[in-house]
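We just call them A, B, C and D in the order they show up, numbering each chain from 1.
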Amino acid sequence: MSWMARILAIDRRVIFVLVGLGTAIPLLWPVNLPITVTPRVEAAYQTIEALPAGSTVLISMDYEPDTMAELQPMSIAVLRHCFRRNLKLIVITLYPAGPGLVEPALRLAAAAEGKERNKDYAFLGYKSGFQAVMIALGESIRQQFPVDFYKTPLDSIPILRGVNSYSKIDLVINLTASTAADYWIQFAASRYHKPLILGVTAVMATDYYPYLSSRQILGLVGGMKGAAEYEKRMDIFGDARRGMDAQSLVHVIIAGLVILGNAALLTTRKTA
Amino acid sequence: MRSGPVILTFLVGTALIALFFIPHHKAQAINAELLVWATVIYAFALILGSISLWNTHARKIRLKTEGWPYSLVTLFALVVVTALGVWQGVGEGTVVSRIYNMVNSPLASTMFALLAFFIASAAFRAFRARNVEATLLLVTAVLMMIGRVSIGEFIWKGFPGFTEWLLDVPNLAAKRAIAIGVGLGAVSIGLKIILGIERGYLGRSR
Amino acid sequence: MGAELDTRWFDPARTNLLVGLLLFLTFLAINVLRAKRGGSIYIRPLAGLKALDEAIGRATEMGRSILYMPGLGSMEEVGTLASITIVSRVARKVADLGCSMQVPCYDPVVMAIIDGVVREAYLEAGRGDEFKPGSVHYVSAQQFAYVAAVSGIMLRERPAANVFMGSFYAESLFLAETGNLTGAIQIAGCDKVTQLPFFVCACDYTLMGEELFAASAYIGREPIQLATIAAQDWAKALAAAMIVAAIALSALGHPELGRLLHTS
Amino acid sequence: MSVVETWIAAFLTLCIFSFLYRDNPFYRFAEHLFVGVAAGYLLAVQYQDVIVPNVWMPLVAGPHTPRSIFLALIPAVLGVLMLARVWERMAGPARWAIAFYVGIYSGIAVPGYLQGQIFAQLSDAVKPFAPGWGAINSALVLLGLLTVLAYFFFSAPHRGIHGAGARIGTWFLMVAFGASFGYTVMARVSLLISRVQFLLRDWLHLIPTT
């Protein structure tokens, strides 16, 4: 069997090994492939960069373990940027499985930037009701979240003193894999006229380009690639940039295999 | 005996179609109630399904067919998790939710992750330039793959823009046409069943 | 403050939908009458369904079974309804030839329905005793637990043909790629656009979108069923014409037609 | 997750990865455990969320009014009829429950797909052409839409003008499928990355947490 014919009849497990290595190697030994920061991510970065120190930011992290690969590194990068800008963060989640992801992300970001709970950020935990919560935050945060995730009353949390509705919030950031984004645009941005930044999965990102061009959202971070760009902009080397190395490698492996297969097909067809 | 159920399907189906057009709160209350009834039937059907699952595996054990010990694992898990769930509930903090997070979550996400391997083997085998259509399929797929990762942008600045064009024009056009066709097919099959033209679901192929 | 209770008996915003429904019913009525009066209705051949016939024949010769997967949609998905109408005809062919068919189910109600359908097919074919109870069985209503079990069936019981008919999601590639490994002939029909590329790549034949809904009429070849497909085509032609007209009119400054199609 | 839970999750993860090599006892064990736990979990959820509030409470435990009993009785009877299919001779009566259930979802589907699929796509498709260069894209979208619709026409053979249109339609379909296929690769690889990260970081501690 000619060399080319053997390629065509390659055992699929060879392909599986290649994909497995293409994923594991960059995670262990980062390749640090070049990343260019696209305008949409830059716009999100600049919006946070422009906030004066001490401004209050409401972050709603509405996603669950199945989309963690794309959104967890994005959350950590955005949280670290807010901490680095000495902003006051109020963090909530509208998904029951949210706290299991949000809490570790907050701990990681705060530790990396030397920030403290209740002094620099407050995590209010999960509240069901989706749109109802978003609207109610316009009236009173305390009515929705009488106590924070750790059961401490809001009044005894330093950064929440005097903050009880959207009026005191300078920026809303929503990191989500679901239609929560549409409702945040409808309520936070349109109804309460709060500046809004979105962080969504790659699959969803293209649907929100129109909102960016119409300035309903001021920045859009899409998928693991967007998160990697944000990490590069923050000059940190997180899971997103490692992940993007693996993505690039596996995509190149698959594309290469397809090209190789067709090259083999052409030569065998010529000789046959 | 057979025409009775067909009439019931007609009555219920027509009622649901009518309720779509009637916003009256009493009508919508009936609509909601009927949907609750459907969920109750589903719950009982799930018990029937679980009995079917039990029979499948119990038969394997009884007949000692090849691989019957594995069926013991399924039946054991089924009994234990059902009993705990019925007795203690399944919410956050219950034993069942811990079992679920420890067993089903990793299994489901790893099964999902296997798709990365299968997408590679399927691409290698299927993307062969045998004719115009197959060539269009593979060229578009390769360009889309390369264009969406940082390497693509590194090769050609316009790559991401091009991949978005592929999604916004050809992909959108075909998706829209298929969606219209599926919509028409769905309405057609729904009406056929309600009007009794199609009775296959009652076990009558003629 | 009590919300304003709606007491209207008709929602005017949905008038266009009602007109659309009545139009479709008219097309249906005309074509059914045409069929009843013996008018012949041409329907272009669907390669996938011819292959399905051959696959059942070959499976019978080899004494191996057919694996029919009715999809991972519940009854809310019309692809599932389509799959039920298809399996009722396939079951009759399988019963006629004395072949055996296994139907692992995701939705328990679908299992109850298909169990009745297959049992009935064997009775009608005069082979009531050959029906194997449990051949139509519930596997799991969780996506990847179903996939894990069915992949096991494919690899261990080696059916001669894998038939995927209905609504499939991300698991489509997993099942089709595993089935491809076993060398079985694979015929798929799916209404989910995002899954069609994977079926096209991993299966021998794929019924795309609307073809899934037309399949049951094809296999049965009953005139009235073919009439409903003709009605669908009339509606499709009308839709295409309206799109072109609306765009042309709005280019000339009359966007009214386009607005007619708008839904709340 | 505690250490024990991490080790169990890692073991089960490797059992599933072993399927890539071939069907083996580890995969078979994980498969059967998966099916059993999933079946038990779903059964318990349906019991807690549906059976108790909609059947047990109104008929037995909870506050009853003649109306609430009657309203709860109908679905319960239909449900029991469905359940009775366990015995073969009860397959007949179960058809009433099936007919009701199929009627509900056919009745939902007809207007639902009419609005959500047909009219939603039509109202999108009739948007006026984009100005300037965008008009080319709008024209291409319209051309693709019409030719793919032509491909899906059943009552005319793919011959002549209709045949040519259908052929162009298949080209649009292939480009659309290629784009959709390539677009999905990243999402699938992301899932693999998070599983490999779980093994390398949470289990083997070979990757530093950021």
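Note that in this section contacts are C-beta pairs under 8 Å (C-beta built on N, C-alpha and C of every residue); 3 or more make two chains touch, one makes a residue touch a chain.
Note that the coordinates shown come from a computational prediction; the quantities given were computed from them, not determined experimentally.
Participant: When you check each chain against chain B and chain D, which touch both of them?
Facilitator: Common neighbours, chain B/chain D: A, C.
Participant: Along the shortest chain of touching chains, how many steps lie between chain A and chain C?
Facilitator: 2
Participant: Across all chain pairs, which one has the most C-beta contacts?
Facilitator: Contact tally peaks for the chain pair B-D.
Participant: Taking each chain's centre as the mean of its Cα atoms, which chain lies farthest from chain B?
Facilitator: The most remote chain is A.
Participant: Quick one: chain A and chain D, Cα centre-to-centre, how many Å?
Facilitator: 25
Participant: Between chain B and chain C, what's the gap in Å when you average each chain's C-alpha atoms?
Facilitator: 13
Participant: Measuring from the mean C-alpha position of chain A to the mean C-alpha position of chain B, what distance in angstrom results?
Facilitator: About 27 Å, centre to centre.
Participant: Indicate the whole-number Å distance between the mean C-alpha point of chain C and the mean C-alpha point of chain D.
Facilitator: 14
Participant: If I count partner chains per residue in chain D, which residues reach a count of at least 2?
Facilitator: Only 16, 19-20, 28, 30-31, 34-35, 38-39, 41-42, 82, 85, 95, 98, 101-102, 104-106, 108-111, 113-114, 118, 122, 125, 142, 145-146, 149, 152, 173, 177-178, 180-181, 183-186, 189, 191-192, 194 qualify.
Participant: Please list all residues of chain B that touch 2 or more other chains.
Facilitator: 17, 20-21, 41-42, 45-46, 48, 50, 53, 67, 104-105, 107-109, 111-112, 114-117, 119, 121, 123, 125, 127, 137-138, 141-142, 145, 148-149, 167-168, 174-175, 178-182, 184, 186-187, 189-191, 193, 201-202
Participant: Can you list the chain C residues in contact with two or more other chains?
Facilitator: 14, 17, 21, 78, 81, 109, 112-113, 116, 119, 139-142, 144-145, 148, 156, 193, 196-198, 200-201, 208-210, 214, 229, 232, 236, 239
Participant: According to the definition of touch, which chains form touching pairs?
Facilitator: A-B, A-D, B-C, B-D, C-D
Participant: In the complex, go through chain C and note every residue touching chain D.
Facilitator: Listed in rising order, the residues of chain C that touch chain D are 14, 16-17, 20-21, 41-44, 75-76, 78, 81, 109, 112-113, 115-116, 119, 133, 139-142, 144-145, 148-149, 151-152, 155-156, 193-194, 196-198, 200-201, 208-211, 214, 229-230, 232-233, 236-237, 239-240, 242-244, 246-247, 250-251, 255, 257-258, 261-263.
Participant: Taking the touch rule as given, give the residues of chain A at its contact with chain B in the complex, in rising order.
Facilitator: 10, 12, 15-16, 18-20, 23, 33-36, 38, 65-66, 96, 202, 206, 225, 228, 244, 247-248, 250-255, 257-259, 261-262, 265-266
Participant: Tell me, which parts of chain B touch chain C in their complex?
Facilitator: Within the complex, chain B touches chain C at residues 17, 20-25, 27-28, 41-42, 45-46, 48-50, 52-53, 55-56, 59, 66-67, 104, 107-108, 111-112, 114-115, 118-119, 121-123, 125-127, 137, 174-175, 178-182, 184-193, 195, 197-198, 200-206.
Participant: Write out the stretch or stretches of chain B touching chain D in their complex.
Facilitator: 1-2, 4-6, 8-17, 19-21, 33-48, 50-51, 53, 67, 70-71, 73-82, 84-86, 89-90, 96, 98-117, 119, 123, 132-134, 136-145, 148-149, 163, 165-184, 186-187, 189-191, 193-194, 201-202
Participant: Going by the contact rule set out above, which residues of chain D touch chain A in the complex?
Facilitator: Within the complex, chain D touches chain A at residues 20-21, 183, 185-187, 189-194, 196-197, 200, 206-207, 209-210.
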